[in-house]
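One chain, chain A, links the two complexes that follow: it is found with chain B in the first and with chain C in the second.
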Partner chain A sequence: MTENAVNKGERKNRFWAFFVLGFFALVSITTFAYNEYYIYLSIYLWFGLIYGLALQYGRFCFSSAFRDLFAVGVARMAVGITIAIVLFALVASLVTAQGLSTFHPAPSGIHAVIAGVIFGMGMVIAGGCASGSLYKTGEGNMNALIVVFSISVSQALFVDVGGWANNLVPESWHHSAIAKGLPASINVGDGWMDQYLAGYVWNHPVTTFAKMLGWDNSSALGAIVGNFFLGVLVPSALLLAVVYFVWSRKAFVRKRVKAGQEKMTMLDEVKGYWAMLSASKRTAIAGLVIGVAAGLHMLVLQGARVKFGVKNAGALLERMGFDYGISVNGTVFDPGYWYVTTQEAQWVGWLLQKTTGANYMDNVFFGYVNGIPNPAINPADWMSLATIGGAAIMALLYGEFKFKKPTLELATWAIIGGTLMGIGARLALGCNIGAFFIRVANGDPSGWLFGIGMVPGAYIAVKFFNWWTERKMAKQGFGL
Partner chain B sequence: MAMKFEKVNEGNYHLDVTGYVCPHPQIYTKKALERIEPGDVLQVIFDNPSSGESISTMCENTGDEIVDKKKEGGQFIWSIEKC
Partner chain C sequence: MKNDLWVVIVITLGFIGFLMGYSLPPLVETGMLTGKGGQAQEVQNLDKDMAQYYRDLSKDE
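Here is the complex of A and B:
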């Protein structure tokens, strides 16, 4: 390419980057001018944009963190994500200690581990986790868009599956679900997911490390010592020590041997550990931005709730005259922090109910908790779209935006992987962000359980891809 | 586009994984490096930015040297000398 063509390409990229940024600014300004409540949705939008920028800048992908350890022995992303978790946990614990946290722990049980295995397999097969697929869509990767669609559709269908699937529900779940006395419109005795949630998951303990130690969750002792120090910092440091000794140390020792220094002292081990932590500045910077942004997101959202005197965006939507798709409790999905998958299920639920006329509000997930508001005024959908936009801006500015058509092979993996992630996300009540990143950082043990499940899930999928790539290499005459 | 791995001439190999997303480019690169001799050079062409980070760290760990890095219109062309 000539220099002229390169400059022209760069100018064009910059134009589109600012166009995307301008579009989001215009959305925020015009909607705020129309009704001040839209600022609530814009908070989600701008934090979503920051997540997108940081995810693309650091190529931040949870799938990569688990997968690259097993596939190519690379610990870079596992380290970056752990750094982000620790930083987010620090900010989150300070917010929690002020009594301003929007976080709610999830029920802890073996279901979180099983869901993690399914999700872990899915994210490796798909080629990216739930948040990774959003940022890769922003890079112009249409394969990632298929993953996003697969996660969205599989969730919306999975939460509403009834009929034959009712036969798979244990009697105890059914009775326990009925005993919860949910509104008749939910019809909780019908549907696999409804009975799984109300008759099984909700019976599990909801706790945090602070609570387990007998401390108040929002006290300084509970939030900082219990949740942050004991629930996040100590296990993260130990986890990174395992990563260092199993994967990173070998390379550090090899470099020293090459430089004529064979003996490893304790101080050298510490240096090796630090070298691992600081190996990829790009990933570490992304981890820092995401960690701090995710903590501030909770604080700002809580501030907006206090200002408007609401506990959930459902009340704001109703005040603005939008009552379609609001749950029987008057709520819509409004986590108050970073989340990815629920809003993806919602837009499909909304679309299916609108186009087929079928009732998608007669289940716990949509009808009792999250609703199916119009995606155009769904706060969490604003966040996801802005995440894609933020990633597009960063990719355009760095000359990494490339429109990529999916091939049949990759589209197949995207659909299978996306579907597994959709199912895993609903079983765990969240994805790699909602069920892992957010929960771990807020001292919820169910987050670690989901993470523990993702390890064997990713391992199994890597073994499968190893077999698959060996087969393709052999076909080209390079068998081992 | 399908993956293409071929020997260009003595000591030089070519791996084209354009269009592939994670984890395929890094796994194919690892497997291609396993199949060539020390001193041989593998040219890898890919267009998945995040794979570049993994390939780069993988080479740092193994000691294989990335001797050339080019970027053309969202496509990465890297030459790796096996140690």
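Here is the complex of A and C:
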């Protein structure tokens, strides 16, 4: 390629990068000028953009982390993600200690582990986790876009599945769900997911490490010592030690043997551990950015809630004159921090209700909790779109943006993997971000339970793919 | 490309800065951020004239 063509390509990329950035800036400014309340949505937008920039910069993908570790023994991504969790946890604990956290822990139980297994399998099969698929979409990877669509559609359908699926509901769930006395518009006795949520998941304890130790969650002791130190730092250090001894140490010892130093002292082990941590510099920088941004995101949103005197964006949407798709509690999905999958289910729920006329607001997930507002005014959808946009900006500036058409085989895996992720995300009430990254960093034990499930799920999927690839190569005559 | 990235970072941080400047003052004003909020105001003793004034308010004309 000539220098001229390279320059032309760079100029084109630069134009599109600033076009995307300009578009988001224009949306923020014009909507704010139209109605002050839109700033609430802009908070999601700009933090979403930062997540996208950082995700693409660090190639931050949970699927890659597990795949690299189990398939080829490379720990870089897994280490980077763990560092990001620790950094976010530190910021989050400071926010929590001020009593300003928007985080709500989830019910802890075996369901989180099972959901993690399903989600872990799905993300390896799909070739990207929920957040990874967003940033890869921003890079122009259309296979990742199929994964995003697949996660979206499978969730929206799964939360509304009833009929024959009611036969799979244990009697105890049914009675417990009915006993919750939900509003009449929520048909809680019909639908597998409704009875699973109201009759099973909600019966589990909602706690944090601080609470388990008898400390107030928003006290300095509870937030910093309980949630951060004991709930995140200590388990993360142990986890990294396991990764070092099982995977990274071998390469470090090999290097030393080559250099003629065979004996490993304690100091050498520490050096090896540090070498593993510092090897993932780019992912760690991304982790640092995500960690700080995620913490600030909670703080700024809390400020906006206090300023407008609301606890949820549903009240703001109603004040702005949008009452369609708001839950029976007057709420819409407004997590107050980084989340990926729920908003993906919402836009499909909204579309299905609009186009088919079916009622998607009679289930717990949409009708009682999250609503199905128009995606154009859905705060969390602004975040997801900006995440894709942020990743696109970074990819364009680094010359890494490229439209990649999916092959039939990859599209099939994307649909299967995306569906499994969608189901896993609903069972766990979140994905690798909402159910793992955010929860672990905020001292919620259910995050670790989801993570424990993701490990065997991803391992099974990696082994399956190894078998599948070998079988395919043997068929094509590449076998031994 | 590096300069372009810095421009993107500066613009993004500009918006984030605005959002922080817009959202955080209520947290400071209410004392939520500084930890000084929520303290009850000290009860001040009314002087005699003021106490009489309030008593007179409840009298029938």
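Everything that follows uses one rule, which is that the second predicted complex is superposed on the first by the 478 of 480 C-alpha atoms of A that agree within 3 Å, B and C clash if a C-alpha of one lies under 4 Å from a C-alpha of the other, contacts with A are read in each partner's own complex, and residues count from 1 in each chain.
Going forward, a contact is a pair of C-beta atoms (placed from the backbone, for glycine too) under 8 Å apart; a residue touches a chain by one contact, two chains touch by 3 or more.
Nothing here was measured: the structure is a model prediction, and the numbers come from that model.
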{"item": "Fit-or-clash call for chain B and chain C when the two complexes are aligned on chain A", "value": "fit"}
{"item": "Contacts of A:425 with chain B and chain C, given as first, second, both or neither", "value": "neither"}
{"item": "Chain B versus chain C as contact partner of A:89, first or second or both or neither", "value": "neither"}
{"item": "First, second, both or neither for A:294, with chain B first and chain C second", "value": "neither"}
{"item": "Superposition-derived angle with apex at the Cα centre of chain A and sides reaching chain B and chain C, degrees in steps of 10", "value": "140"}
{"item": "Partner chain(s) touched by A:67 [first = chain B, second = chain C, both, neither]", "value": "first"}
{"item": "Touching partner for A:304 - first (chain B), second (chain C), both, neither", "value": "second"}
{"item": "Contacts of A:283 with chain B and chain C, given as first, second, both or neither", "value": "first"}
{"item": "When both partners are placed on the shared chain, which of chain B and chain C touches more of chain A", "value": "B"}
{"item": "Which of chain B and chain C A:399 touches, first, second, both or neither", "value": "both"}
{"item": "Touching partner for A:433 - first (chain B), second (chain C), both, neither", "value": "neither"}
{"item": "Nearest-approach distance, in Å, of chain C Cα atoms to those of chain B in the combined model", "value": "15"}
{"item": "Footprint overlap on chain A, where chain B in one structure and chain C in the other make contact", "value": "399"}
{"item": "Residues of chain C that touch chain A when the two form their complex", "value": "1, 4-5, 7-8, 11-12, 15-16, 19-20, 22-27, 30, 32-33, 35"}
{"item": "Footprint of chain B on chain A - complex, ascending", "value": "1, 9, 59, 61, 63-64, 67-68, 71-77, 124, 127-128, 136, 139-141, 143-144, 247-248, 250-251, 254, 258, 279-280, 282-283, 395, 399-402, 404-405, 407, 409-410, 462, 465-466, 469-470, 472-473, 476, 478, 480"}
{"item": "Touch list for chain A against partner chain C, complex", "value": "10, 14, 17-18, 21, 25, 28, 39, 42-43, 46-47, 49-50, 53, 98-100, 296, 299-304, 306-307, 393-394, 397-399"}
{"item": "Chain A contact footprint on chain B (complex, rising order)", "value": "1-6, 19-24, 26-28, 30-32, 34-35, 47-50, 53-55, 57-58, 60-63, 71-75"}
